[in-house]
Each structure stands twice: as C-alpha cells, then as structure tokens.
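There are two complexes below, and they share chain A, which is joined by chain B in the first and by chain C in the second.
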Partner chain A sequence: MLVNRKLILAHFWLAFAVFGIALTLGAWQMFIRSPIGTWLSNPELYYRSLTAHGTVMGYVFPTLVAMGFGYAISESALEQRLVGVRWAWAGFWLIVAGSIMAVIPIALGRASVLYTFYPPLIGNVFYYLGVVLVVVGSWIWVALMSINLRVWRKAHPGAPVPLAMFANVAGSYLWAWTAVGAALELLLQIIPVAAGLKTTIDAGLARVFFSWTLHAIVYFWLMPTYIAYYTIVPRAIGGRVYSDTMARISFILFLVVAMPIGMHHTFADPQVGAGFKFIHSAFTALVTLPTLLTVFTICASVEIAARLRGGRGLFGWIRALPWDNPMMLALAFSFVMLGFGGAGGLINMSYQLDASIHNTQWITGHFHLIFGGAIVIMYFAIAYDLWPHLTGRELIDLRLIRTQLWLWFVGMMITTFPWHWVGILGMPRRMAYFDFGDPGIAPQALSVTLSAIGGFILLASGILFLVILARGMRAPQTDAGPYRFALAVHQPATVPVALNTHALWVGLMIALTLTNYGYPILTLALNEGTSVPAVYVGAQ
Partner chain B sequence: MSTEESHHDGAEVAARVERRWATISVIIIVAMALLAAFAGIHRATMPQPRVETTDPSRLHLSGEFVESNLGSVLETNGNVTVRAIGQQYSFTPACILVPADTPITLRATSADVVHGILIQGTNVNTMLVPGYISEQPMRFARTGDYLMPCQEFCSFGHEGMWGKVKVIDKTEFADRAKGGGRLSCVGQ
Partner chain C sequence: MTARDLFTFRNRHFTAAVGITAAILIVTAIGGFIVLPFAQPWVQFANVWDAICSAAGLPQRAATVAAPEQTRRLSEVVLTSSTLARPNQEAIGRGATLAQRCAICHGPTGISRADSPNLAGQYAAVIYKELHDFRSGARTNAVMSPFAVNLTDQEIADLSMYYAYLPRLPAYHPTPQLPKPNIVIYGAPMRGIAPCGSCHGSLDNKIGSPWLEGQSEAYMKAQLQAFASGERRNDISQQMRNIARAMTPQEIDQAAAYYASQPPDVVKAVD
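Let's look at the complex of A and B:
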C-alpha cells in the first residue's frame, strides 16, 4: 500500500541525482591523479572535488536512500498510511537546504576540509551548518519511523512486527545514535571555532568523536542493503527467507555492536591508549557475526528458491537460479564484493595488520568496494524493484538493467583491486597528484591507470542507471499490485518480545557506547593544554 | 511439506544447521581476538600504547622538539632515537638518516594540523596529531632509500609533502655519530 509515492520518489530522485554528480567528480579525480591525466596547476581544485564527493556520498546520498526506502517499507510492510507526511516533507526540504548550504562554500574553495573535517583545519561555518541540517532532516525520519511503528503496534497488539519494518527501525535508531559523535564534534568543537567564537581546538578529541560516527555510519549505509537481502531478494527470485528469527538477531546485533568499535580507525593515533584500542579491535571482530549469519541465511534462502525451481545436487542447484532476474544478479555481485571487501576489512580492524595499510590507498579501495560495490549495487536493485510500484509504469528493458549491473560490478573490480595493491605498496591517500617519474612511485603507475579506467566504467554504469530510471517514468502504464516482502519458510505467528521490540537493544547500544567511549572522551576532554590553534582553510 | 510432522522436522533441522553455523562463526571470532591479544602481549607488533602530550605552539621554543634536537641520535645503549616534526608541507628533517639492523625509536609530532608518517615498504605508519607525541619502534633490515609521504590530508599542499628515510650501514652511522649532535641526510 504505497500512498505517498511522490514523497518516496522525491527522496530517490534527489538521492540518485546527487549520486550522479558525485560519481562524475569521483571519475574526474581518478583520472586527474593518474598518469593519463596531466598535473593540476591548482591542486586545491582536487580537494574541493574530493570534499564534495565525500560529503555527498557519505552524508546525503545514502541517507536519502535509507529515508525513501524507509517510508516505502513503513507504508507497504505495515499496510498503513504514513503518519506525519508533512514532517517527512519538512525533513526532505531540510536536506535540500542543508546540501545547498554546504555545497556553496565547497565550490568556492572555502571548505576544502574533506567530509571527515580534520580539525584543526577549519572551513567556512556554512559548510558545517549545512551538514548539520542534513543530519537534522534525517532525524525527523528517525522519529517518524518510530512513531509509525508505535501507531501500528497500538492497532495490532502483540502481533509480530514485519521483518522489513523491524530492521528499518533498527537502522534508524543506529543512525540516530551514531550521528551523535559527529554532532558533538561539530557543535561543541568545530562550529564555535568556524564561527569565530574560539580559536583553539583539541584535534585528538575531535578524532575520537568522529570515530564514534565514522564506523557505525557504514552500517547505516548497509541497512537498506541487508533489508533487501532478507526481505526483497527471496521474494523476487521465488524463494523464502530461511529463518525469520536469525534475520532479527542479525539486525539486533548490528544495532548493538556496530557502535562501540569506531576506535579501530585510531589505531595509529597518539591520543588513545592501547587498552581501548584493543577493546575496540575485539568488538570489531564481533561485528563480523551478523554478516556471517546473514551470508548463511541468504545463501540458504536462495537455495530454497533454486530447489523449488527444480535444482538438484550439492551445488547443481546454483544453475537452476533465475540468473536473468536482475535481483539475482545484483545479489550475486553484492555478495562477491562483500566477501572481498569484508576480508579486507578484517585486516583494517586487526590490532597488528592495520599498520601496514593505515591511510594508504588500500583503505580507499576497501570502502569503495564495500560501500560503492556491495551496498550501492543493492540500492540499484531496490530502485529497480520499487520503481514500477512508485511510478505505476513498467521497467521493460531487463537486458539494459543487467548490462548496467554487470558494468557496475566489473567497473568496481577494475577500480578497487589495483587500488588495494598500490595501498600495499604504500601509496598515501588524498593526494592531488603523484610524481610517477620518481623511481619509488613509478611501479604504481600501471595500477593507478587501471583504477582510472575502472572509474570511467563506473561512470558509464551510473549514467545508464539514471537513464533506465528516467525512461521508466515514461514507460507504458501497468498495475504492479501491492508491494510485498519475502515470507519466511516458517512465518512466525508470535515472536518473543525481545525480538519484536527495540528498547532493550537500544539501551544496550547506548550502554556499550558509554563504556567503550566514555572514559577516553572524558580523559581527553579533561586533559588541559591539548587544544591547538585552528588553521583556517581558504583564508589566505 | 506434506504433513504437519515433516514440517516440524524441517524446522528442527533448519535450527540445528543454523546453530552449528553460528557456533563456527563465534569460534572464528574468538580465535581472531585471542590471536591479536597474544601477538600484542608478545609485542610482535601493536599500536602505540601510551598517550603523551606537547604544546605545538611552543615546540620551537623549548623541550624535546626544538630545532637543534631534531634528527637521529645514537644512544649510549646502541639504540637510535629519531625526533621529527611535520608541518604544512614538509617534515623536519626532510630526510631522516638511520642505521640498518638497529632498534630505532621514532618520536614525532605536528606543529600545526594533522599529518601522518608512512615509510613505504615497511609497516612504519603513524598519525601526527598536534598536541600529542607519536612514538613508533622501527628497525630496517636493508640499507637504501625509502619514501616517506605524509599519509593524512593536511590541506592544499598535501600532495607535495614527501620526506625520505636513508638507511646506511651501522658502522658508517656510528662513525658519523662520533661528532655528536643530531644526524640527518644533510652533509651525507
């Protein structure tokens, strides 16, 4: 029952439009710093582009997808009109306003601080205020998801919350809490300095605050993808969810353990001691558990679909899968990229191995493979699956859709594998150009060139994606019927309270964050004399 | 499912398989954490354990990181200590001179924004955060030149911030160290 289609379409269109812009910037960056580009006479342009690319891809694009998808889930899974539509539009327009406010100083070169902020570098105050508006807009969505679920519960006392909505609300709580770290950094530290009220800032404390956001934000990006794995893929390929219970446990685990692990981003930092570095490393190992459970459950769900289609044998069933179905293809690509990206992630969070690749191109390769690859390819699949229900028109050209998915997968492989490799060779991140004439850097030239070619393949795929969606707006009309989610093999009649509500787990999430972050933040905040003079960007 | 009973069996099989997988997953995770703890305790390699602070606006006036104290020094126990600072957009010393086959302690900090030190071809890799002192143990098996880029974005000139490490023979280094003072590639 999708009533507020305009609202959902607005979120998706804005998400994919800004995605298209940021993707173009990304491809340009790959090109300009590769041996096939010529050196920029003004390297500052590169950092403007990089700031815009990161800000859009990190804060605006996935947030809008999660919001639009969340509204769609709320209306269709709960079969209930969205409560608070006006507020939802207010949230949307806040994000529009915030994005415009942030992008102007970036374009003027007044906020080239990258989306990770990096104080004591300080940019124009409107950049930070724009980011704050985007986050505030998304918090309205968090509140609406919670309210809508509450309204539904009142009408259906004791009934199991549909899995898609249970996961969606878990994702929204995760986002609300993980955004608090960056919000504290912005409101308490950066914005007072950017506004001229203060001139010094504690860079070490800021890095710890940001690590609070930096890791769990990835799991927020991941949520729509995991929701699609569990609740869309099995339905789209004619299977069933292997286990509804395991699905709920996975989402709960994400909610609880995605948060208190961010300090594995600060292993190489001097302002955090060994104890908390180790604790965060161990907790990061724990966060692999929900992914391992998910891989198992989804493979089992897919196998059910294959066997229902007549697949036989230990592995022979794989051939019986509907490979011409874009959803099947997207899932397979997503899993391959999740596998490689996840393995790389284990190295990043390792107490020992991280030193070999910290802040090298390996890291950039890693999160492009996980986020740009495994996650975003499912965003595409979600859009393709929802589009006919939102527009009332059919996406006819499945072959074009398959081509787009193939291009994205191949492009991402060609981009990120050489990227990992040059990282192992020690190539640093975020540089506008490299002197490939230096004998120490020359061996990396071929890999960087390959990555740039991959970047252009990704750009082609991204354009194709937008073309397919735009054509879908003018295709022949169709009645796609109600939007449905996958059923479990054993659809639960009742669910234990712990697996049907979030309160306990949100409490645990907050408690674990306080134990894992409270002491380091408190000692850093109380430490006198570590505030350093701000360095204003674009002031000269 | 033909009968209620086989349906029930199926559910049990599913639950059992799932439990097994979950157990295997947990064992893998615990083993990983234990390995990391073991290697950390044995100091095979681990991140910087201690937190030390310094005032970046007074670095050039007094204390460990005044200009005359930057560079490599041979300690009485035969080990070497290297002191360096990063600032927009260079390292001081720009070329660090160290001996091969010697335990070396790198102590470094930043004079302005966040920088990083990465020595290519090694796992020497640390952040320089203004206000804090970074310390890294290192040891080079081979002589030669290593590139040492800044690995953290430090504003518009970041791409030009490349230092070098020159590793020379142990006895040659000892000879040069006889004159006292702090060594770097200057005069090499």
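Let's look at the complex of A and C:
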C-alpha cells in the first residue's frame, strides 16, 4: 500500500541526481590523477572536487536512499498510511537546503576540507551548517520511523513486527546514534572555529568524535542493502527467507557490534591509548558475525528458490536460478564484491596489518569496492524493484537493466582491484597528482590507468541507470499490485519480545559506546593544552 | 509484553545479551590493558596499575630522558591567522617613520635596488616573523641583525603593518617573464615537495610564508641554499629546509629565476 509515492520518488530522484553528479566528479578525479590525464596545475581544484564527491556520496546520497526506502517500507510492510507526511517533506527540504548550502562554499573553493573535515583545517562555516541540516533532516526520518512503528504496535498489540520494518527501524536507530559523534564534533568544535568564535581546535579529540561516526555510518549505508537481501531478493526470485529469527539477530547485532568500534580509524593516532584500540579492534572482529549469518541465510534462501524451481544436486541447483532476473544478478554481484571487500576489511581492522595500508590508495579501493560496489548495486536493485510501484509504469527493458548491472560490476572490479594493489605498493591517497615519470612509481602507472578506465565504465553504467529510471517514468502504465516483501519458510506467529523490540539492543549500543569511548573522550576534553591553531582553507 | 518483561534477568534473552556483551568487554579489556602491555618486553611497568594507565592513554610525563641540548636558537614566533589581522592607520604611520632606516637597502617604496628583499605589500605576518627572528638570533645576517636587536615588539608590529600596506610595485629586476618550471607548478611529489604556490601565495598562502614574485634572483638562490645547508634554520618545523634539501641545484636556479621574473599581481591578498 504505497500511498505517498511522490514523497518516496522525490527522495529517490534527488538521491540519484546527486549521485550522478558526484559520480562524474569521481570519474574526473580518477582520470586527472592517472597517467592518461595531464597534471592539474592547481591541486586545490582536485580537493574541491574530492570534497564534493565525498560529501555527496558519503552523506547525501545514501541517506536519501535509506529515507526513501524507509518510507516505502513503513507504508507497505505495515500496510498503514505514513504518519507525519508533512514532517517527512520538511526533512526532505532540509536536506535539499543543506546540500545547496554545503555545495556553494565547496564550489567556491572555500571548503576544500574533504568530507572527513580534517581539523585543524577549517573551511567556510556554511559548508558545515549544510551538513548539519542534512543530518537534522535525516533525524526527522528516524523519528518518523519510530512513530510509525509505535502506531502500528498500538493497533496490533503483541504481533510480530514485519521483518522489513524491524530492520528498517534498527537501521534508523543506528543512524541516530552514529551521527551523534560527528554532530558533537561539528557543533562543539568545528563550527565555533569556522564562525570565528575561537581560533584553536583540539584536532585529536575531533578525530575521536569523527571515528564514532565514521565506522558505524558504513553500516547505515549497508542497511538498505541488507534489507533488500532479506526481504526483497527471496520474493523476487521466487524463494523464501530461510530464517526470520536469523535475520532479526543479524540486524540487532549490527546495533550492538557495529557502533562502538570506530577507533580502528585512529590506529595511527597517538592521542588514543593502545588498550582502547585493542578493545575496538576485537569488537570490530565481531562484526563478521552478522555478516556471515547473513551470507549463510541468504545463500540458503536462494537455494530454496532454486530447489523450488527444480534445481538438484549439491551445487547443481545454482544453474536452476533465474539468472535473467536483475535481482538475482545484482545479488550475485553484490555478494562477490562483499566477499572481496570483506576480506580486505579484515586487513584494515587488524591493528598490525593496518599499518601497512594506512592512508594509502588501498583504503579508497576498499571502500569503493564494498560501498560503491556491494552496497550501491543493491540500491540500483531496490530502485528497479520499487519503480513500477512508485510510477505505476513497467520497466520493460530487462536487458538494458542487466547490461547496466554488468557494467557496474565489471567497472567496479577493473577500478578497485588495481586500486588496492597500488595501495599495497604504498601509493598515498588524497593526492592530486603523481609523478609517474619517476622510476620509483613508474611501474604503478599501468594499474592506475586501468583504474581510470574502470572509472569510465562506471560512469557509463551510472548514466545508463539514470536513463532507465527516466524512461520508466514514461513507459506504458500497469498495475504493479501491492508492494510485498519476502515471506519466511516459517512465518513467525509470535516473536520473543527481545527480537520484536529494539530497546535492549539500543541500550547495549549506548552502554558500549560509553565504555569504549567515554574515557578517551573525557581525558582529551579535560586535558589542557591539546588544541592547535586552526588552518583556514581558501580564506583569501 | 512490556519493557518490564524485557529488562529483567528473568528474561533469558536479556540475561544472555547483557552477559555475553559484558563478558566480551571484560575479556578484551583484560587483553588490552593487562596482557598486551606486559607482552611488550621493551617497555617496563612498575605495576599493573601503571600498565593500565599506559594502555588507557593517560598522559604521563615522559621518563627522565633529558631533551637534547639546543645549540642554536630556533624561532620562537607564534603565528596564528589572527596575527596582525587588523592593521590600523596609526600603526602604519609610525611604521612609515621607522621604515626610513630601512630604505637604504629595501628602497624608499619598499622595492630594493640591490639584492635585498622587496618589502612593499609583503604579508604582515612574514615581516613580523623575520624581524622577531633577527632580533632573537634565530636568523642572522651581518646587516640586518644590528638593525633588529633594538626594535621593540610594538615597532616590529608597526613596521610589519606599514610594509604590508604599501602597494605592490613591479620589481627592479626587469627580466622577461619566464615560463613556469615544473618544480614551481607541481613541486616534486616523489620527493615530498609541494608546489611553491601552495604556500607562497599564488595558489594559497600558509601563514608565515612570503610571496616571492619579483624578489632578487641572487637573494632567493642564497636563501634556498642556506636552507638546504642548514645554515638558515628559522623555518618552523623545518618546513623550508625539508624542501630545499630535496631540491636539485638546477631546480633552485629555475625557481629563483622564475620568481624573480614575475610581476606581483598574481599574488593573493590575505583576508
């Protein structure tokens, strides 16, 4: 029962429009710092572009997808009109306003601080205020998801919350708490300096706050993808979810173990004690748990679909899968990229191994593979799946859709594998150009060129994606029927209260944040003399 | 089913979740704060508490190792973006009077006819820093040092504001404009050299770095060589020494010749 289609479409369109722009910038970055481009004589242009690319891809695009998808889930899984539609629009417009406010100083070269803010670098205050508006807009969504679930519970006392909504609300709570770290950094530290009230900043503390956000934000990006794995894919390929309980456990585990572990982003920072780094590292290792649970459950669910279609044998069933179904294809690509990306992630989270790839191109290669690859390809799939229900028109050209997914997958492989490789060879990230004429890095020229070619393939795929969606707005009308989510093999009649509510897990998430972050933040905040003078960018 | 049924140890999910989480936390804390510190044979701890404090990152005074003796004075100037940010007419006026002594070498309009640096329109923070360094001995020069020793803080600030206020005139080194050499536009990434302009004003200005357009070629070359040899060492954190050391003699020549031939109009103002 999708009633507020305009609202959802607005979120998706804005998300994909800014994605298209940021993607173009990404391809340009790839090209300009590769041996096939000429060196930029003003590296500041590169950082401008990089700030825009990172800010859009990291903050604006995934947040809008999560929000649009969240509204769709709320209406269709709960079969209840969205409560608070006006607020939802207010949140949307806040994001529009925030994005515009942030992008202007970036374009003028007054906020080339990169999306990680990099204090003591300080840019124009409107950049940060814009980011804050985006976050505030998304918090409205968090509140609405919670309220809608509460309204539903009142009407259905004791009934199991539909899995899609349970996961969606878990994701929204994760985001609410995750964003607090960067919000504290922005409001208490950066914005006072950018507004001219202070001229020094405690960069070490700021980095600790940012790590609070930076790790868990990736699980917020991941949420729509995981929701699609569990609740869309099995339905779309004619199977069932292997276990509803397993799914719930994965989502609540993300709340507990994905959140308070961000200090693996400060392994190289002297201001954090080694003991805390170890605790965070150990908890990071636990994140593999929900991921492995998911891989297992989804493979089992897919196998069910294959066997229902007459698949036989230990592995023979794989051939019986509906490979021409875009959802099947997207899932397979996503899993391959998740596998490689996850393996790379194990290296990042190990205190010792991380030292060899810290701040190298490996890092950018890694998160493009897992975020740009495994996660975003499922965003495409979600859009394809929802589009007919949102527009009332059919997406006819499945071949074009498959081509688009193939291009994204192949492009991402060609881009990110050499990208990892040059990282291992020691090439630093966030550099506007490299002297490939120097014998020291001449052998890396080929890899970087390959990456750049991959980048253009990705750009082509992204454009194709937008074209498919745009054409879908004008296709012949159909009645796509109500939007449904996958059913479990054993649809639960009752669910234990711990797995039907979020309170326990949100409580554990906050408690662990206090134990894992409390002491480091307090000592840094109370220590005198840890601030350094701000460095203003583009303040000419 | 209410919160009361959930948040109680009678609910086995609650007990299990809290128990397992707490157990993992305790085990990892013991690992991180006790086992691992002692597993480092090269660090000695007085007792367990000492190890815990160290692993927690409690700031401690470093052991009794004495700081290495400084044989030469280093710059003690602290520059922030608000240093001399607000020039005022009175200070500029006083600076103009004081500057009469400087004119023999630096020119009556702040443009030198010898190989002394031009000062007209230079960033105020730069003049401020160099004068302080000459006064403290962090930078020495047979001609400049005697002038600087007797300046008061106020006089240094006045002079800085005066020279910053003077218009940027074309230099007295009428060479044809040279094309940009690579070392200037790109630096040398493999040697850790950023493009000159990223600090020296044509792309961006990092506080304390002078703009260089139109300075004397001989002067700039001498300074780069002095930085490279370590004879001049008043650059904070060795910023210029690290760069000059990594430059080749040809690059030093090219950069000096290029900047000497440039008009001052590409330089960015500070806000």
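Here is the rule we use: the second predicted complex is superposed on the first by the 539 of 540 C-alpha atoms of A that agree within 3 Å, B and C clash if a C-alpha of one lies under 4 Å from a C-alpha of the other, contacts with A are read in each partner's own complex, and residues count from 1 in each chain.
Please note the rule applied: a contact is a pair of C-beta atoms (placed from the backbone, for glycine too) under 8 Å apart; a residue touches a chain by one contact, two chains touch by 3 or more.
Here the structure is a predicted model, which means the values were calculated and not measured.
In the superposed model, A:279 lies in contact with chain C only, and not with chain B. When the two complexes are overlaid on their common chain A, residue A:146 makes contact with neither chain B nor chain C. When the two complexes are overlaid on their common chain A, residue A:403 makes contact with neither chain B nor chain C.
In the overlay built on the shared chain, the residue A:478 is in contact with neither chain B nor chain C.
Once the two complexes are overlaid on the shared chain, A:43 sits against chain B and chain C alike. By the document's definition of touching, of the two partners only chain B reaches A:360; chain C does not. Of the two partner chains, neither chain B nor chain C is touched by A:24. For chain A, the partner with contacts to more residues, out of chain B and chain C, is B. After overlaying the two complexes on the shared chain, residue contacts for A:496 are found with chain C alone; chain B is out of touch. Once the two complexes are laid over each other on the shared chain, residue contacts for A:508 go to chain C alone; chain B is not touched.
According to the touch criterion, the shared surface of chain A, contacted by chain B in one complex and chain C in the other, consists of residues 43-44, 271-274, 277-278, 282, 286, 431, 433-434, 438, 440-441, 527, 533, 535, 537.
Residues of chain A touching chain C in their complex: 39, 41-44, 158, 199-200, 256, 271-279, 282-283, 286, 431, 433-435, 438, 440-441, 496-501, 503-505, 507-508, 511-512, 515, 519-520, 523, 527, 533-540. By the touch criterion given at the top, residues 10-11, 14-15, 17-18, 21-22, 25-26, 28-29, 32-33, 36-37, 39-40, 44-53, 55-57, 88, 109, 112-114, 116, 118-121, 123-135, 145-147, 149-159 of chain B touch chain A in their complex. Residues of chain C that touch chain A in their complex: 1, 3, 5-7, 11, 13-14, 17-18, 21, 24-25, 28-29, 31-33, 36-37, 52, 54-59, 80-82, 180, 185-186, 188-190, 195, 198, 203-206, 268-271.
On the chain A side of its complex with chain B, the touching residues are 43-44, 46-47, 112, 114, 118, 120-121, 202-204, 207, 242-243, 246, 266-274, 277-278, 281-282, 285-286, 288-289, 292-293, 296-297, 300, 346, 350-352, 354-356, 358-360, 425-426, 428-434, 438, 440-441, 489-490, 527, 529-533, 535, 537.
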